[in-house]
């Protein structure tokens, strides 16, 4: 029982991180109808920027205060991601307006490769370290209830909290601010939004910037857990089933989907894995999502599609 | 208008590709007759780059040093070309095909998967494969694998030594009875190769093994370590490469598994695996085939003849690190094989693959030679024979103290009584699968 | 002035329906065949066969398969690697488990196994559309990665999970030397490419394209979406499967699941985007482009003496691939194939611009 | 207008109701179509005209009601069946296969008639003994007739995407005709056309109607056209039927007038 809870917690916390990345997907899809495969590359790129500047800033300026350095590095990384967003809008999306979703998807795969290449070229391809002082050692709960107690990883906990906070923040941003309303307007109907004078291009830059910053936060969390390294891009592949499970256009979908997948894959790995020789979590998430789609082709919270002719 | 020009560009891109194709038809300038060519298969990008890069740098620096210091091998200059495999088998094969055309006389594939693919091609192309400490365990049987040279050790010897050491810790192999040992391995030929020995030993000493495969590249280990946490094994054997190693250590820390109960293969015990965990990896143990540090003469020479001249392949501080040094050893062995071949087939000549193969098969690096080469203390003497393509495994355990690696054991050997028959069996299986026959004594002379 | 169709009047629909309605094209094609079958084997160096031609041919076949699915039927798949893997491992199992299984039969059986697998994973496409489907196809990818890694039976219990095939031969002729391998691939790919061409220019091809362009209208004129989509999946995965088997047997000789990873899937996707969606010829262009580009990049330093480190080279490769994908999607969504036809039209009008 | 004897009812729509989620698109619609007649469905935008056709050829599945075609009654239709029973259809905002040539677009209309299986098609060859090849040629001849009839010969091989709108409408019609339909559903065949184009299209429709005796159900906004070419008219508004009868009756019907106030052309 204790162990089950451990797994459950572990799954939920990982799930929260999946949600965070899935959120990036959903934001962009809602606003620009682009299924942004490059989300993972953006995570890597942002994390690399953060990690490297956290090294370079002290080297250049001789700053000692670690917290301050991290803040500075974070700001620089944000700036970089905004530039990236702007470039993507200018050079890619701006030129592919009104194209089919599939075309846009392929374009973002192109962007993925480009970012991976330039990211490693600019920032190197070693394992880098992001240290924002997240606690590493585990804590044990309910030690009386269960022998050995229930292990909860402080770092995961902190990560989950950060993720949750960010999600809340974004939800607020969407609901309350003028930009948020504009975003939703665009999401509902590009033409209409344009006609009432909402500048699409700017909206897109904003959305991609936000997605870029979400990617940065995700990158920092994963980075401080695993170290910043090429493989961070793979994290995005874990988020894909989340997105389609939750529905491409739904923020709550991304969150709940993330939790479902997170818990689902960990439980499956621990309790079903042994019968299959282990390692099933890699595809379990996808099969789960696939089976789910067969029941609801538009995902958990996605809108129903009606053919009009 | 713009699009017209862009289309123009596109058209010309296509044209370039076509031209390039034709240019490829005639591979650019072969290494001149007077140069011994070494193809360098490397991976400097992707999940395995952190470990692949120092290895590759070591190989390249050693060549540069030999050229600069000795002017080559008995006057034969060494030329080389790198090819990025990204640790991917098919790209490795492509690199092999590309570079062997330039007169390659030996290849260090730097990846087990690639080794497997090349093992069938090498005999056809007559190019020996140097797979120091990796590759096909069975290939130490030189009578079956004429062209493979897993010098200094295979995964089987590695596994065997680890079990022996753990046994010693427990105060005798018999004490392993009833113990639980978890095997966390990279789910690839690399990680699976040692399993037979582990099972054999488990049968012998009656300890229980828990298999925990990790899907490449190895960033997803949460579930793995939750399982470790659940079964609380007495020891964890780590068979990782690249980012998998550091991730494993971080997850171990996260579930609070004692690092000093973890033992890694010699590919899981280098600086990149632990440096950004620092204290968190304190107490973690791993095999190591070679020393690290900048004191040995060969390292000094490299600093003197290569890095001080600004010719260094990588950063200076990396010189002498574990994997860098292993790269040196591998390149040194390759070059010594050529030197040995020259002794028989003519000094100052460029050696062919077949001649170098003979060189590998008749290596006799005694302490004197090693000292002369500047490898005193870096590695143990090594000699091969027609039947034995490995030489002996003599390996030590080193432990991470939070800032550096320290050796905690003296040299250990694998138990050939156990391994020899296993090697023979699997070598024979390979031969029968491939419808090949063992080499006869006469062939050994060649 | 040489390239003209003026004065070539079609007096029958048959004549008008040929693959190459224009005389000059027929000549060019004939010449191409002569070169491919006779000239190349005589002159080309071994390296060219092993590092360029053989991979090019095999990947072209895979690209054709994928193009049928994505380019013609509009069902995007990110799991092509999986279908290649199924083809390769199925063929492998048939070879090692059945004594004296001839190579060709093994290849075809590999293809058929892939077909079954493909149809299986195609079924969702009846309900799931567009992006959702694209992601769903990744399930196939990751599942096969896992299956061939973990299910020992599939790799004939090889301790390491990597498999290798014994010496190849067809009808008693060895397929060992690069030239033999090249010719073998050339024939297999040639034949299958022709069949593919026949399908896409025939009734079924029109059904696929109809599904792609306007599925509702297609249904209304009596095209069964199920039949159209599943046949597309079937034919596509058959081709891809055979390609996979060739890749393992002829090109690699010994392989592990990683040879058919998701990177392979993307690589193939790039081939058809760059080569041209909905074009058999384009599949060849794309394959050629993707196979040659990295080699060129790696050779550039030698040609121009620019010192460029291996790492930089491969990073550049990633960047150039990425940039090219975007570039083609923006500028010429129909890829090199379209540029080819444009070139031809220009040539047809030459020297008079209009 | 040629003397066409109007026959018995071949299509009867009974109490059809259709809704998406909460939104009612059609409520309790009933009307019938006689053989050989030209039946028009009119009504303001969003009156549910297209939805009606979509129910008839199985794109939508009505929640209530039934459709009787040639004596057979269906709860809801299945597109394939409908097509096999000889119902063809053109679309309001062109649903042509943009990537394909005019020829291929119309050829798809013949697909139902083509029997060669996958393998026969794959091994198709010009050496005479290939059934697939023969079939292609046979069908091609039929299609060429339609191309001549619609006077679009010069565009045979151009991708429809690149053709002027008016001609695309013809191709749409051609694709439907290729099915040799007994019942032809035309969804605003003249929308967005100039006067000449409209005249051409009307001519084609009437020719089809009396040369092949094809029954025609057509949705049209242009009252002028409707009055000229249709025998009977159904009027929909907000998913309800508000009028049914000869052009004259309908024109006189007050509900219709009020529905059209402002929206009439």
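Lettered A, B, C and D in written order, each chain numbered from 1.
Definition applied: a residue touches a chain if its C-beta (ideal position, glycine included) is under 8 Å from a C-beta of that chain, and two chains touch if they have at least 3 such contacts.
Bear in mind that the values here come from a model prediction, so they are computed numbers and not experimental data.
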Requested in this report: Any chance you could check whether A-B or A-C wins on number of contacting C-beta pairs?
Outcome: A-C
**Report entry** Reference chain A; chain at largest CA-centroid distance
**Finding:** D
Requested in this report: Please report how many Å separate the Cα centroid of chain A from that of chain B, as a whole number.
Outcome: 36
Query raised in the report: Between chain A and chain C, what is the gap in Å from one C-alpha centre to the other?
Result: 33
Report summary line: When centres are defined as mean Cα positions, the distance from chain C to chain D in whole Å is 40
Report summary line: Note: chain D sits from chain B at a C-alpha centroid distance in Å of 71
Report summary line: Among chain B residues, those touching two or more other chains are 44-45, 49, 53, 187, 213, 215
**Report entry** Shared interface positions of chain C, touching two or more other chains
**Finding:** 145-146, 149-150, 216-217, 220, 311, 315, 324
**Report entry** For chain D, residues that touch 2 or more chains besides their own
**Finding:** 59, 91, 95
Query raised in the report: Which residues of chain C touch chain D in the complex?
Result: 12-14, 17-18, 195, 198-199, 202-204, 206-207, 209-210, 212-214, 216-224, 231, 235, 278
Query raised in the report: Which of the residues in chain B come into contact with chain C in the complex?
Result: 3, 6-7, 10-11, 13-14, 16-17, 20-21, 23-29, 42, 44-45, 49, 53, 56, 82-84, 86, 88-90, 93-94, 97-98, 101, 112-113, 116-117, 119-121, 124, 187-189, 192-193, 195-196, 213, 215-216, 426, 433-435
**Report entry** Sites on chain C touched by chain A in the complex
**Finding:** 74, 76, 124, 127-132, 134-136, 138-139, 142-143, 145-146, 149-151, 215-217, 220, 262, 266, 269-270, 273, 311-312, 315-326, 329-330, 333
Report summary line: In the complex, chain A touches chain C at residues 35, 91-92, 95-96, 99, 101-103, 105-107, 109-118, 120-121, 125, 237, 240-241, 243-244, 248, 276-280, 282-283, 286-287, 289-290, 293-294, 297-299, 305, 307, 309
**Report entry** Interface residues, chain A side, partner chain B - complex
**Finding:** 3, 6-7, 10, 14, 120, 125-129, 136-138, 151, 153, 155-156, 225-227, 229-232, 234-235, 238, 265-266, 269-270, 273, 277-279, 281-282
